[in-house]
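One structure follows; several queries about it will come next.
Each chain carries a letter (A, B and C) given by its place in the written order, and its residues are counted from 1.
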Amino acid sequence: MPLAVWIEYLAVAACAMTAVLAAEGKGIDLFGVLVLALVTAVGGGTVRDLCLDAPMFWIEQPLYLWTALGAALATFILVRFVTLPARTLAVVDALGLALFGIVGTEKALAFGTPAIVAVVLGIVTGVAGGILRDVLRSEVPVVFRKDVELYATAVFAGALFFVLLRESLPSAKWHRWVSMALIVALRLAAMRWKWRLPGFRMHGR
Amino acid sequence: MPLAVWIEYLAVAACAMTAVLAAEGKGIDLFGVLVLALVTAVGGGTVRDLCLDAPMFWIEQPLYLWTALGAALATFILVRFVTLPARTLAVVDALGLALFGIVGTEKALAFGTPAIVAVVLGIVTGVAGGILRDVLRSEVPVVFRKDVELYATAVFAGALFFVLLRESLPSAKWHRWVSMALIVALRLAAMRWKWRLPGFRMHGR
Amino acid sequence: MPLAVWIEYLAVAACAMTAVLAAEGKGIDLFGVLVLALVTAVGGGTVRDLCLDAPMFWIEQPLYLWTALGAALATFILVRFVTLPARTLAVVDALGLALFGIVGTEKALAFGTPAIVAVVLGIVTGVAGGILRDVLRSEVPVVFRKDVELYATAVFAGALFFVLLRESLPSAKWHRWVSMALIVALRLAAMRWKWRLPGFRMHGR
């Protein structure tokens, strides 16, 4: 398999693993854990494919389902005995965010969508899985919270950069790698130096 | 642009603006605000298009996205300094409800669906955006609450009236305008005189 | 109508009726009750059809909508005066779970999906309606809770059995009936003897 595909399965597994941890304190059983994991890992791409009227990527290639379910089951058992390395997972998650975001943008462009739609669908591919996970846990999505470091914004910047690069340098072959690197760099820097978006604030309150 | 299209963009902007206000008290940042606004403004039509297997209206015409995002960003900044005129927004929202409801019903009929499906999809187009917004805020949807004035019911009445008019007077050209007027009138009257639906009540509780 | 179709409408009505009861304590009005009922009754099949890019089953056959809405309206009125027989509803619900699960698996296979996808979509058809109902009520889905008896697991076992039976005995005609019986038996036994899945538990907490 090419490198990008390896990263993709690694990212699916990492998504599923972090989703399992999000089950903490919700009184959820194994089935709930597997659904949370599956929705987090493939939810973003699913929403994108529905919007594009593309065949579901996980129906075409069910190995994504096996990877997410296997990683979730292993994590469900593992966390009873050991504590997972949060730092490592966060780095793999940033890789996954970058890959999903750019793959999503690229797929939308391949379907002939305008640039703004491609950027929106790139962000959707990167973050909608986590949003659906939080909706299922009955929580306001983590990615919306003003006390959480730049996440969707990193995908936005990378996807926008990707679209602009393709416009201005159509013959180059490294668009996606540079854009992914930008997302990872932004996300890790945001975590390191606590870069956040401004929160909602209303006059007189 | 024809009048109906002007009203449609105005309604999208009004939806996005009220959605921003719904971020109050949820600890949400700018990204969360933009997602709430986008989902509220285009969510109903998106669910309708998914059910009809129609191409997403906002992929065909991305100006809807720009309008919703622009209105939301402007509102996000504005509400730090001024209080928005709630009354005006409520009237524009009623216009939007009427337009979305009838446009949705009409699109469903154009796809050859039976009358009951067209009415259901008209209601979906009118209210599903707000339902999705409230799901993302982790609240029971406002439109379900027994202490809120007729909202979905107004779309139901207008969409039903529209379908019946088309059946009985197929050659007339003003079906949609009369039906929209009915929705606006019902909604404003409901707000004025506090017309509500009966709430759920269980024997012995 | 053949027996399977009778059971299907009965199951849709039972789903809608139990969904109405779930409105208790949420401050919901008649519209909210009807949406909860509709989403519970047809939500699972809707998600399945979206994933398969199949035409919505309730657009092809709107009698499903009439059944769900009629049963919900009747229940809304009835529960003001009498207490519904919870036991009977639970048995009808188990029948519905079995039927939806196997019908969903079969439809996915008919669309040429791999076995794991068909099993996943069978489970989705059986339980996604209830999950959407609970998301709309702003609750963690009942089917995820560790203090609730096997539910999705029964569909998983039945759908897997169905897929294996079809592989190994392709000429037999009774696959679906045996698999449905397995789901009903598992679900009723789980309720009787309180069979549950292990809950999520984290090291050191």
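The rule is simple: a residue touches a chain if its C-beta (ideal position, glycine included) is under 8 Å from a C-beta of that chain, and two chains touch if they have at least 3 such contacts.
Since the model is a prediction, treat every value here as computed from it, not as a measurement.
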Overall pattern in which the protein chains touch one another (line/ring/star/complete/other): complete
Interface residue identity across copies chain B, chain C - same or different by half: different
Chain B-chain C separation of Cα centroids, rounded to whole Å: 30
Overlap residues in chain A, where contacts from two or more other chains coincide: 50, 53, 135, 138
Residues of chain C defined as touching chain B within the complex: 20-21, 23-24, 26-33, 35-36, 38, 46, 50, 53, 55-56, 58-59, 62, 65-66, 76, 79-83, 135-138
Chain A-facing residues of chain C, complex: 50-53, 113-114, 116-117, 120, 131, 135, 138-141, 143-148, 151-153, 196-205
